[in-house]
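The next part holds the structures, each set out as structure tokens.
Below, subunit A partners subunit B and then partners subunit C, in two separate complexes.
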Partner chain A sequence: MRESRLWFWHILSAVAILFLLGLHMGIMHMGTVLEALGLGSTHPTATAEVFARSQHLFFMITYIALLGTALFHGLYGFRSILCELSLSQSLQKAIGRLCTVAGFALFLYGTYVAVRVFQMKGV
Partner chain B sequence: MQHRYRNNLGLWGWLGGGRYGFDRYAYALHRLTGLGILAYFLMHIFVTGTRLNGPEAWESAMNFFDNPLFRVGEFLVYLAFLYHAVNGIRLVLVELGLLVGKPGLPSYPYSNSVIRHRPVLVGAMVITAVLVLFAGADFFFLTK
Partner chain C sequence: MSTSKESGKMKSIVFEVLRYDPEKGGVPHLQEFTVPLHKGMTVLDGLHWIKEHEDPTLAWRSSCRMGICGSCGMFINGLPRLACTNQITQLHSDRVVIKPLPNYDIIRDLVPDFDRLFDRHRSVKPYLIRRDRIEQNSPTREYFQSAEELQNYIQFAYCIKCGLCLSACPTAATSDDYVGPQALTQGWRYLADTRDEGIEEHSEALYSKHGVYRCHFAGACSQVCPKGVDPAMAIQLAKQAAFLKSLGKCQDRPGAPVTPPIENWVSEKQVPKAPAPTVVRES
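Let's look at the complex of A and B:
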């Protein structure tokens, strides 16, 4: 039952990532196309643009949402791949716990960065 | 912990898969691209974390990655994302029981859900290829 619930969240997170990462990838890598449509710029990694986006509430929220969904989706997928290698039950549990702890730690770090940079007004 | 059947083939069990067809390789590639994206994502969290130290630190990080090797690496990550996303949409549809046809009696010529679903897989690969061409043009020719 627990695995079914996690699998359901894995699929649901994939749908959320599709929109959030699609938006992120579009802005970061399809600059020329978006500029032609009047929706973006060709220098998305320029310092001024990066900090301007980071200090926009919409982008801060989408960054944190993307961080959380992508960490869950990626680490659950990683755990599933490892568990299919017929490891012992105790090793499977240890991998699950390690992924959970790493996921929470990375989420806290990434959220801290997003919030702190959001608060750096005037940079 | 859910019951799993023993995978006596180990890594080869999902990389090779014996006499399986095209779908099996699409499955293996989905996992490989997933692992590649995860590796990049974990690194990306720390690279974007340099913003904490101000614009100079960010510029220094960007200067470090501004070379052809990382540009090609970035493009490979983009390809992995495109494949994983398009194939992932197909897998979600299959998970929901869509586009696999209705079950029926086993009458000749025999068919199954994998065969009925094959055109969707081919279509997904065509869409991925078109997006790859589009992204390649943007990465290497259009963006200065």
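Let's look at the complex of A and C:
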């Protein structure tokens, strides 16, 4: 059943987001925590460091994965909320299609940016 | 309660009842009645008193007076309850405010239109579906089911279709298309029944766009159920089953077989005949 499959991926994407967002938060803020504790000094938000990470294959893949899972999870949730507003069947279908198209477009654009930055050599 | 025992007067309580007659038009409004209070008096008893002594046009639905038929569901002091099983003193209020169940259209006064409930209930095909139609229609023996298998669904079979769960559901309040806790629970009740083979038939509505996935687990349905059924759990179990199936951890079970023939079964031929009638009726 289609709705069961979508919901299954909705749950899996939530788990993936927990991991990917955890990784992101760790990288972005662990330096501050370590610095506060006097255990080191890093500046993960410095432009050079952002680009350095973006040009690393592991980070490029995690960025694309986070983008894909967050888009699917968010847009499925958005569609679910709208479906609960007693809208007409045709409008519900239109919302579903709009979410699909918007999701693919944003994913392709984000992936293009991640790949282009990955291919750049230096800042 | 308006008067005390010490004052020597009869205790009384104020009923505020929503009145609405679509045939006469107007808007739903609350009407006050002062009802003498007796020990053990239920909300339903109070309504009967009003109908008998104050206003015979007051309309509601009730039948068994003992929490079995599920007819007298009403919105009493802010909660969906059965009028017959709730004593007035247990409400701990000097006013009883009664309105028809929310999330349903009003037919008149306290009578909700249950078309929504029964339409959704029908959509999950709430009956045993077997592939062996001949055996099902003309059974030769019973279907085998262990006591443990019975435990998987028995609490959901206690549903009396009173509609309180649907009236308490926040999702049903905003979505007319939502299948609702009562119907979803009954869908799961048959999916969990090992004698049933209609997995696809029940699943169609259960796992639809407006099925179990629209439940936000508010749990209000389980809180208000007068029979102790836990619809929220049934919906979670249905979601879990779908999830495990997607992971390949759960296979569609085969339907329970018919029980083996009983040895030394006394056939119809061996049953002693009834004695001849002692009274012969003249034609």
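Note that the second predicted complex is superposed on the first by the 112 of 123 C-alpha atoms of A that agree within 3 Å, B and C clash if a C-alpha of one lies under 4 Å from a C-alpha of the other, contacts with A are read in each partner's own complex, and residues count from 1 in each chain.
We adopt the following convention: a contact is a pair of C-beta atoms (placed from the backbone, for glycine too) under 8 Å apart; a residue touches a chain by one contact, two chains touch by 3 or more.
Only a predicted model underlies this, so the values are computations on that prediction, with no experimental measurement involved.
K.L.:
With both complexes superposed on chain A, which partner does A:Phe19 reach: first (subunit B), second (subunit C), both or neither?
P.N.:
In the superposition, A:Phe19 contacts neither subunit B nor subunit C.
K.L.:
Using the superposition on chain A described above, determine whether A:Ile11 touches subunit B (first), subunit C (second), both, or neither.
P.N.:
In the superposition, A:Ile11 contacts both subunit B and subunit C.
K.L.:
Of the two partners subunit B and subunit C, indicate the one touching more residues belonging to subunit A.
P.N.:
B
K.L.:
Of the two partner chains, subunit B (first) and subunit C (second), which one does A:Phe104 touch, if any: first, second, both, or neither?
P.N.:
neither
K.L.:
Residue by residue on subunit A, keep only those touching subunit B in one complex and subunit C in the other, then list them.
P.N.:
Touching subunit B in the first complex and subunit C in the second, residues 3, 11, 83-86, 92 of subunit A appear in both lists.
K.L.:
Which bits of subunit A are touching subunit C when the two form their complex?
P.N.:
So the residues of subunit A touching subunit C come out as 1, 3-5, 7-8, 11, 80, 83-86, 92.
K.L.:
Using the touch definition from the top, list the residues of subunit B that touch subunit A in their complex.
P.N.:
The touching residues are 1-2, 4, 6-8, 10-11, 13-14, 31, 34-35, 37-38, 41-42, 45, 48-49, 51-52, 54-55, 58-59, 62, 78, 81, 85, 88-89, 92, 95, 134-135, 138-139, 142-144.
K.L.:
Touching residues of subunit A toward subunit B in the complex: what are they?
P.N.:
Those residues of subunit A that touch subunit B are 2-3, 11, 14-15, 18, 21-22, 25, 29-33, 42, 45, 47, 50-51, 54, 67, 70-71, 74-75, 77-78, 81, 83-86, 89, 92-93, 106, 109-110, 113, 116-117, 120, 123.
K.L.:
Using the touch rule from the top, collect the residues of subunit C that touch subunit A in their complex.
P.N.:
171, 174-178, 203, 207-211, 213-214, 239, 242-243, 245-246
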